[in-house]
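Handing you this structure, nothing more for now.
The first chain written gets the first letter, and so on, giving A, B, C and D; residue counts start at 1 in each chain.
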Amino acid sequence: MNYQSILERIYREIRPFAREGRQADYIPALAEVDPDKFGICIDTIDGRQYMLGDASERFSIQSITKVFSLAAALSIEGEELWRRVGREPSGTTFNSLIQLEAERGIPRNPFINAGAIVVADRLMSHYGDYERRYIDFVREICGNPTVDYNRAVAASEREKAYLNAAIANLLKYHGNLSGDIEQVLHFYFMQCSVEMSCRDLSHAFMAFADHRSPFRFGEVSLTMSEVKRINAIMQTCGFYDEAGEFSYLVGLPGKSGVGGGIAAVCPLKYSVTVWSPRLNSKGNSVMGMKALELLTTYTEESIF
Amino acid sequence: MNYQSILERIYREIRPFAREGRQADYIPALAEVDPDKFGICIDTIDGRQYMLGDASERFSIQSITKVFSLAAALSIEGEELWRRVGREPSGTTFNSLIQLEAERGIPRNPFINAGAIVVADRLMSHYGDYERRYIDFVREICGNPTVDYNRAVAASEREKAYLNAAIANLLKYHGNLSGDIEQVLHFYFMQCSVEMSCRDLSHAFMAFADHRSPFRFGEVSLTMSEVKRINAIMQTCGFYDEAGEFSYLVGLPGKSGVGGGIAAVCPLKYSVTVWSPRLNSKGNSVMGMKALELLTTYTEESIF
Amino acid sequence: MNYQSILERIYREIRPFAREGRQADYIPALAEVDPDKFGICIDTIDGRQYMLGDASERFSIQSITKVFSLAAALSIEGEELWRRVGREPSGTTFNSLIQLEAERGIPRNPFINAGAIVVADRLMSHYGDYERRYIDFVREICGNPTVDYNRAVAASEREKAYLNAAIANLLKYHGNLSGDIEQVLHFYFMQCSVEMSCRDLSHAFMAFADHRSPFRFGEVSLTMSEVKRINAIMQTCGFYDEAGEFSYLVGLPGKSGVGGGIAAVCPLKYSVTVWSPRLNSKGNSVMGMKALELLTTYTEESIF
Amino acid sequence: MNYQSILERIYREIRPFAREGRQADYIPALAEVDPDKFGICIDTIDGRQYMLGDASERFSIQSITKVFSLAAALSIEGEELWRRVGREPSGTTFNSLIQLEAERGIPRNPFINAGAIVVADRLMSHYGDYERRYIDFVREICGNPTVDYNRAVAASEREKAYLNAAIANLLKYHGNLSGDIEQVLHFYFMQCSVEMSCRDLSHAFMAFADHRSPFRFGEVSLTMSEVKRINAIMQTCGFYDEAGEFSYLVGLPGKSGVGGGIAAVCPLKYSVTVWSPRLNSKGNSVMGMKALELLTTYTEESIF
């Protein structure tokens, strides 16, 4: 498959969408990003890499971090984790409290904010030095020891985080948060503030695409079955209330972030990351979604 | 892959679950089925077939029929269909009215009852002789001209169908039903009353698994992309509020019915149907779910 | 108290609101009413009557009828009635199905549509010749033997009644409807189609205002305590999701209808009916609400 | 009316309910109260006072304080207040977040927790020395300069207040909270921690019952119309999702607190306070509700 020429074709064809949507602006760090950045990177199972545009530039991975957190928590807790968080699509926006109240503090899945806050709490309850250990894992899985948190972004997020603070308090009320609320939120925002490039992310997601290779990165290790199940959760829950749409149009397990990134995998074939900051009304990258739709159309490679 | 010996191993290992759950009993026709029936059938892309147990006995396919209806409606209407029905997981039980009221008559997806009623209405609005044409399509796709409706089951369902009648009235109120309510419900229950064996269903679902072959059955034809997208919808919406669970445990696009059947596909590898009437609290076959979980575990073949 | 001059003052002061709102138009019979009609009538406990405008002209009383139905059902069933229907404000619009699904078929109160349909079913289950007996009671309580149903209005309502049919089916599903759905809906719409003038309604509502006199009209009789409790329900539930607003601005138990009528009582002082077809977004008469607000302001007579 | 003998009769007749329900125990201060306390006090408009039991003993007034807060806020902001908080019954429990999310941060009324937190914020935004000024107003209205906050109770409440903290964060997120979240919550719990006796409360509520006398207590003053409207809100919203029940059974505007107190008014007739710590499942005093039901039955004096 000539992925490079497919990437170039995609790049031409998504240009009409270049002005659609708006980048996230709820914190200055995201508002100041150049909205016209575009990068894409594919890693294939046979070890090749194809890139285009700003694929080496770092951006705030935001919710994509939730895939790494889930992997780390599953490694520690195994199936126990599912007593604290579900694995069903939520059918509501990523930051809704309604479901949480109705279901007495068990978030629908680990990729909505409530679920990711529970996952952060789980990591904290096991790890002493959790922030260092989290970034160590991320550096291992992406193979880039220079990847880091952006502490200014994390601090800035916490300041505006009334909704997440509401969620954390509600979780605490229902007995589903062991740690101190402020500390859990601090760790959660640290995770979201990690900055990586498309290259870094594609490298990292190859660990999910290539589930026949052992998943062992620093102290985090998963069985093949666990890796596949994380892919399954990405598939049904990775795009909030647009999960069905992404599944329908693209047909790959993936995870998006409000920084404009989307990372996805075609198991046993490739991992792909795309970055374009302008978001649609659901908080997913407009050009990113379009690029991936074309990718699975032209390669005829999706999970379906 | 020695599927036959895998089937035999699965059959032994699921025996401990043989008494769990209860068969549907809201109509006599379902209540009278022997709850201890069990059949499974795999069709592989290279044309082989593996069976075990009551795989040749017909049962009421119930909601599995919604996959056929969706295929027929997509063939006629194409993307227009999505103005009438969504393609997101519902996050609620299959017969809920809440989402329908909040979202003004657009069902969340074609596999919850509300969505399937809209799909039935779409078929009726195009087809004159819709009941005959529907069964003709089903016979073509499963390659068995003796497959038929069970009119007694359909009539018996209509009698108890207060909830579906409520849904149909609500759809009509919101302007999302063209036909006469009684006629639409009649057609909908006819579709659900179709009786097929595991063999019939596996044959039929091979049309979705083998999307490289043309999808053309009587007057229904779909592009490869459309077939894959139906698989995507099965993946995110095929098991109501247990879609995430099925995706997590089994990892195949599939569709269940309250008759105890589950049909699923592993694209470009195989289709599989299992039948066991005892249902869990979500309305899905207990042994069927377990058998398919073991199948993808032992074959290491799932979409993830 | 010089009620007549107060009525005249009110009439002058509400004129600026004369063009606000729109009359109900979901059925021709309501759409064809002259929207500029305005009538008001007060009956005082000492037997006087004060009128102004179109107070003697009949209009479709619509949901005001629910007060009469409740009185009749309470007379027959007593406290048993409350096993079938609640007496709490609904917090949602008058025709919502959401609460009904969540609370398993027990309508929140007898003045939302779902509750009134249950009440109609209760009357039918006791009365053989329920339509005649209902109108007999209404004629007795308003002291006007010429009052009648408008069968054309009732028939026309049934034709468009998809939402009420959805509600009735949902009630039936939850086991809270004994009668045949079509018959119950027919009776319900008959009740709503009763035509009365402001004079008729004020006379009728005096039975609720003057609870020291025996409440006995044909075969319907209530204790003083029951009459007061019907007033209490009017107070908390009579204006759907504007019940708090009416209580705040007017301070009287009352009931509105989409025909533009509002009937209210000031216990042991007066009953009052106002009619003006233009409705606000909540389905309550704009000028009617305003007129009653001024009435309790100028008379300083409200229940608070 | 011989209120004293009526009180004695009531006291005898409610005895069978003496063991029903449980006192609040979410904080030690409430859990340690003797659950068998019972006091009742009536103040009549002609200046008499009737008491029985522990009517002079102070208890934690909890949510009854919301009536005083509303009065103070209405005095400062007038109708402006209603841009921040509604005046409709909520139809949900007192601490629900669902309605708040759906209606974008405008609490349904000032008597659910969310609404009272907004009211506290309003007071803080106008008052410099708000805690002193609030208690000054309460002392004035009850005519007892020794009434005070219980700071230990307030502190203890804050510790467990995850749900209220969730609410405050959600309000802040929706832009409906000006002050600092911690300070607003601190003030809110201070208000709830006020301790008064039945005598104190009946004296204070006479200001609402006797709306013909000027409402002027320290710096808080209201028009007659405003006083009546506070009564109207007590009527429709004072008992959370049991407002309809209290209106039906008792027929008086009133407000309850989880300390077991209920204060109510019969306008132009009397004010009444009852205290009994055991609560029903809705958080309202079992014997308190029963006593007031009998009071309006035997006196035949209610607003209906």
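Just so it is clear, a residue touches a chain if its C-beta (ideal position, glycine included) is under 8 Å from a C-beta of that chain, and two chains touch if they have at least 3 such contacts.
Treat the numbers as computed from the prediction; the structure is a model and nothing was measured.
With centres computed as the average of Cα coordinates, no chain lies farther from subunit D than B. If you average the Cα atoms of subunit B and of subunit C, the two centres end up 47 Å apart. We define each chain's centre as the mean of its Cα atoms; on that basis subunit A and subunit B are separated by 32 Å. Centre-to-centre spacing of subunit A and subunit C amounts to 55 Å, using the average Cα coordinate of each chain. Counting only residues that touch two or more partner chains, subunit D has none. Contacting chain pairs (ordered by label): A-B, A-D, B-C, C-D. Interface of subunit D with subunit C (complex): residues 86-92, 99, 108-109, 211, 224-225, 228-229, 231-233, 235-237, 241-245, 247-248, 251, 253, 267, 297, 300, 302-304.
Every residue of subunit A that touches subunit D in the complex is listed here, in rising order: 96-98, 101-102, 162-163, 165-167, 169-170, 172-173.
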